[in-house]
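Before anything else, here is the set of structures, which you'll find just below.
Next come two complexes, and both contain subunit A; in the first it sits with subunit B, in the second with subunit C.
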Partner chain A sequence: MTRLIVGPFNRVEGDLELTLDIAEGRVAQARVATTLYRGFEQILVGRLAADALTIAPRICGICSLSQSMAAAAALRGISGVQPPPNGVLAANIAHAAENIADHLTHFYLFFMPDFARASYAGEGWFAPVAARFTAVSGAAAQEVLPARARLLHVMGLIAGKWPHSLAIQPGGVTRALDLGEKMRLIAILSDFRAFLERSLFAAPLEQVAAIATPEQLADFSQGQGDFAAFLRVAESLRLETLGAVALPLISFGAYHSAQGALFPAGLFDPGASEARPLPIGAIGEDVAFSYMRDSAADPARSVTQPDADRENAYSWAKAPRLSGEPAETGAVARQAVAGDPLIRALIAQAGGTNVFVRVVARVIEIARLALAAEGWAREIRLKESFSEHGPAPLHGESIGMVEAARGALGHWLSVEKGVIQRYQIVAPTTWNFSPRDARGVPGPLEQALVGVDVGAAGAKAPVIQHVVRSFDPCMVCTAH
Partner chain B sequence: MSVAETFYDVIRRQGITRRSFTKFCSLTAASMGLGATGAANVANALETKPRVPVIWMHGLECTCCSESFIRSAHPLVKDVVLSMISLDYDDTIMAAAGHQADAILKETREKYKGQYILAVEGNPPLNEDGMFCIDGGRPFVEKLKEMAADASAIIAWGACASWGCVQAAKPNPTQATPIDKVITNKPIIKVPGCPPIAEVMTGVVTFITTFGRLPELDRQGRPQMFYSQRIHDKCYRRPHFDAGQFVEQWDDQNAREGKCLYKMGCKGPTTYNACSTVRWNNGVSFPIQSGHGCIGCSEDGFWDKGPFYERLSNINHFGVESNADKIGLTAAAVVGVGIAAHAAVTALGRVTVKHDDKAPPKA
Partner chain C sequence: MAVLEHGAAGWFAELKSFGINLLWHPSVSEETGDEVLDILARVESGETPLDILCIEGSILRGPHGTGKFNRMSGTGRTLLDISRSLAARADYCVAVGSCAAYGGIPAGDPDPTDACGLHYDGAEPGGALGRDYRSASGLPVINVSGCAPHPGWMMETFQALAMGDLAADDLDALGRPKFFAAHLAHHGCSRNEFYEFKASARVLSERGCMMEHLGCKATQAIGDCNQRAWNGGGSCTHAGFACISCTAPNFENTRNFHVTPKVAGIPVGLPLDMPKAWFMTLAALSKSATPERVRKNAEADRIVENPRRGK
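Right, the complex of A and B next:
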């Protein structure tokens, strides 16, 4: 048995360190450590409730709008204000733009460059993949960065600035779009569609969204485009066997409208045929292996007190559990809960999630969101209100629940006399990269790494990178 | 990675045309306010001087500065400045990982000893011996000191590195500390904002790599070319402030008409940044244009200067708004309000200091 430390990780937001015990070339045991902590849950206490809209989104510069949405939802839960349809639509479009931008960054800049490593030089697919995806110098980045920047003009129009937008409020959005801006919004989304249909998919978005079976996906892999290139690499390296776990999949639901949520909240067990309602009250956080003092498990009751000297602790992240069990979250969970037939079929085939289905779910979601955003933009009624004015949140408790790109994000808020008494945040990567709990049960990534064949390469094995990155970690959110 | 390589060599290798290059030079010169001959100077420097290596490190932060940077307006900036920087080292976007990355860092440091620019995003937390930010098994503060020792100058990106930002908000649990309190023997340029504007970031990098020196700094260590303007003075809603026309609620009639956001908590009158001129997301908009007030994110201590949704100071402190409200009803008095409002602005610098006394009680 040898012990390897993998870290620091690059092309990951924030700091991450893995400790791997290797026996006979395979990972026998893994520990995932989040190595940075800032203390938002401590900092927010004692401030005026509305100021959470300014402080809380700064947890993360990558998914700050999702953090804004969660903070606004938590405040809305207390004040009771209901945003008008325009406010919901505009927020949905901005949220979708951030989510898509995150997925694109992940696919092109964080995940695919690992297949351009020299260790794959012998593979038949290597030359074109390396030319396209090598970090920084690959051809794809030259197309993706401008397309992504152009998409994020949506943030300019709706949210003023991004990252750390301010326009998302409990009662809607602060910006009432005019006709010219609505037209620009539609034009931006249509330019973005052109990029997707040219570079990522080399096919119409509708065709991508209609892929319903693994066989149709296999047909798609014969086409042009970067997604097809990934599918061929995945088949050659059998990525569906890598980083496998069979945990409950959870989604907090996102993109609400009068017709309900585009991706509803729920719980999906691999092997089940239907999603179940999510038992929110069964969510708790365990700190047996975290640098934290013991407190209540329920985020609505717990108090965050760092303890750098805690015996056996190895991570600043807490360990979120659902009914005492770890759970996986992210695009794969969101699509499984929402009933995407392809994603459910791929999960059923493998008996759970893996590197392959995590990436497929993310890329397919880009197509679904781009289509939905076009519809939302057209639905905006310019003469109607974008924001409802409500009372200031004075007393009460609430949970702001949204889906960030990386999965379920919740803000547990308690307010008295208008002042924040408690603010607990459970972020997507807190679930996925959680440390062990008091029963010794490892978190999702810790489970996914067990059994991975690292061969002679040890800590340098690219497979480790694939497994870690398949979750699209955001370490700054994880321990906040 | 030869030291003798010029910026122009790098971009030629990227297949960028001469025409794009000249355009980039004029845009950059214009954004720096270099005047008529500026473009030629920039071009000449980029063609002849060796490229200055940049190392980009991340401490306690949220990556918003990197996120802003990779979306700068000019395609050349994105392609070239980005690749120019990451040629050396960048945690977030570079190709290498793990020990390989640390090895590159060490190699770059030795090879370019005393020549490289250290760009720092985030800051070091000092509590618990630096335990709150461990990078490669060591406290970030150690890595920072080590890399700073051989740097020629340091860029402090964003509010974190410049001032501390939200993680330094009361009670500052990790003792997050700005760079200039830890590194005291190197020239430091502060580029505050949460995050800073992309064009400001690329402007600073281009100036330094072009001229091989720091741009002129103000008393607080910020580049004058981007931080000498008050948001309020260049704000397109300013006439409404002067006329006493204010938004009272999100999306009310005044909001739709683009009236002033002062009463909604706008900190534009006490904030120095280029948002109202350069704007965000490639010049599309900025917070005030989105109908939300400025929160003053480029100012020292902004994080503890809430409440963010109440006017900077109420009227009784200096006697403008009641006038403004009343006079809004009487068109004849508009000129008088303009004068009173200007007087008020002069007083704001003193008034905002009082915010700390009004901070909500801590639990």
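Right, the complex of A and C next:
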């Protein structure tokens, strides 16, 4: 048995360290550690409730608006204020822009550059993939950065800036768009569609969103775009066999409107045919292997107290569990819960999730969200209000639940006399990259790494990189 | 990550055109694991020259001075230790964001991790590197503060350094480049007319000035925020929420960000360098002269009264 320490881990957001025990060239056991703790939950306690909107989003520079959405939802749960339709639409568009930008960053800047590494130089597909996806200097990055920046002009119109905006409020958004701005919004989304249809998909978004079976996906892989290039690499490297787990898939739901949520909340078991309601009360956080003092498992009752000297601890992250079991979250869970036929079929074929389906779900979701955002922008009724004003939250408990790009994000809030008594944040990567729990059950990534064949490359094996990045971790959110 | 929004041709292209080679960036570089440790070792030994060291994030000194709240993964070392070691090798040292500059949100009460900036602990010189630190060029740490800082503030600082165009007297008293720090966030605010006439918004989403009731600090906060576009054309005040002075040390310890603290009905934080009595006199005068149009629009979420010639 050899023990490998892998870090610093590049092209993930934040600080990640892996400890891998290798036996006969395969990972026998993995430990996933978050190496940064900043104390946001402690900083939020004692402040006025509305100040959560300033503090909580600053956990993260790439999921900031999702954190705003969760904080606003938690405050709304106590004050009872309801945003008017325009407020919901505008917030959804900004939220979608963040989600898409994160998926795009992941695909082009974090995930694909690993296939352009020299260790793949012998593969038949290597030359065009390296030309397109090499980190920093590849041709794709030169197209993606301007397209991503242009998409984020949505934030200039709705959120003022990104990251870290105060535009998302419990009662809606702080700025009413005028006619010219609505047109600019639609123009930005049109520009972004053009980029997607030219570079990522080389096909109309509607055609991408209509891919319903693995066979149709295989047909699509013969096309010209960057997604098709990924599909061909994935087939050659059999990425559907890599990083496999079969855990419950959870989504907190997102993009709500009067017609319901575009992606509803729920729980999907890889072996099941239908999603089930999510038992929110069954969520708990375990700290047996975290640098934390023991506290209640229920986020509505627990208090965060760091303890750098805790025996056996190896991560600043807590271990969220659903009914005592680990669960996976992210685009793949969101789409499985929402009933996307392609994603469900790929999960059924493999008996669970894996590197391939995680990436496919994310890329397909880009198309779905871009289409939805176009619709929302057109639905804005300029003569109507964008926000309602209610009383400040005084007393009560609430959970603000949303989907960030990386999955289920919850803010558990308790307020007395207008002051925050408890604020617990369970972030998507806290689920996916959790350490072991008191029963010794490893977290999802820890399970997904077991059995991975690293061969002679050891810590340098690119397969380790693929498995880790397939979850698109956000480590700064993980331990916050 | 905000810097990825910079430049019409993309950030990578702009770095290239200024001859800036990214030795390593945690989010975008290919190198990972041992390859990164090799790069760091070569810089620490002096083998690879380090022109500009950019550090993002507060430096965490806790618990008990160990720095263990932020260990660099793959090493047994803390960021506190590595920052000090690399800073000693750098020609220029840039703190990117208010966290690395002054401590930022993690330093917010009760400061659970004993967070500070590279060269400041709040507004006090010192921080992780100590008040006497100077990079090899002789400059103190360059503080591109802001939460988050504008992509242009970061990139223009790097470009100026690459061209040898940034000297000690280009920095303000808190180490911030004057090209953005010599302005107030108030300059160019789209709510300017409402400010002039003290026509105030009562709740977020109204178009009036947010200084009197909604906690806006733009008249005291440094930054050219309303003179350059954020994300193609936005800014905090333009989007309808208050400036929280995120470029300043200790901004994180404000309580009730969206309510203006007042004594006897008068805002405590008046414009930076204006005599209080003068401000009160002018405010009273301008309030009495406020056009009906401005008064009405200040308390609406959209323009309800158009500009037109008076009778």
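Everything that follows uses one rule, which is that the second predicted complex is superposed on the first by the 480 of 480 C-alpha atoms of A that agree within 3 Å, B and C clash if a C-alpha of one lies under 4 Å from a C-alpha of the other, contacts with A are read in each partner's own complex, and residues count from 1 in each chain.
Keep this in mind: a residue touches a chain if its C-beta (ideal position, glycine included) is under 8 Å from a C-beta of that chain, and two chains touch if they have at least 3 such contacts.
Just so we're clear, the structure is a prediction, and the values are computed from it rather than from any experiment.
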Side-by-side fit of subunit B and subunit C on subunit A, or clash: clash
Contacts of A:R198 with subunit B and subunit C, given as first, second, both or neither: neither
First, second, both or neither for A:L145, with subunit B first and subunit C second: both
Which superposed partner A:R301 touches (first subunit B, second subunit C, both, neither): neither
Which superposed partner A:Q421 touches (first subunit B, second subunit C, both, neither): first
Touched partner set for A:S137, first subunit B, second subunit C, both or neither: both
Contacts of A:L16 with subunit B and subunit C, given as first, second, both or neither: second
Touching partner for A:R38 - first (subunit B), second (subunit C), both, neither: both
Subunit C-contacting residues of subunit A that also contact subunit B: 5-13, 15, 17, 35-40, 42-43, 46-48, 50-51, 53-55, 58, 61-62, 109, 113, 116, 134-137, 142, 145-146, 148-149, 152-153, 155-167, 169, 172-176, 306, 308, 316, 385-387, 389, 459-460, 465
Residues of subunit A that touch subunit B when the two form their complex: 5-15, 17, 35-40, 42-43, 45-48, 50-51, 53-55, 58-62, 64, 109, 113, 116, 134-137, 142, 145-146, 148-149, 152-153, 155-167, 169, 171-176, 291, 306, 308, 316, 385-387, 389, 419, 421, 459-460, 465, 476
Residues of subunit B defined as touching subunit A within the complex: 58, 60-68, 70-71, 75, 78-79, 82-83, 86-87, 91-102, 125, 128, 131-137, 165-167, 169-174, 176, 194-195, 249-252, 255-256, 275, 279-282, 284-293, 295, 297, 303, 306-309, 360-363
Footprint of subunit A on subunit C - complex, ascending: 1-2, 4-13, 22, 26-34, 36-37, 58, 60, 63, 66, 68-75, 104-106, 108-113, 115, 147-148, 203-205, 229-242, 244, 246, 252, 255-258, 301-302
Interfacial residue positions of subunit A with respect to subunit C in the complex: 5-13, 15-17, 33, 35-40, 42-43, 46-48, 50-51, 53-55, 58, 61-62, 105, 109-110, 113, 116-117, 134-137, 141-146, 148-150, 152-167, 169, 172-176, 178, 188, 306, 308, 316, 385-387, 389, 459-460, 465
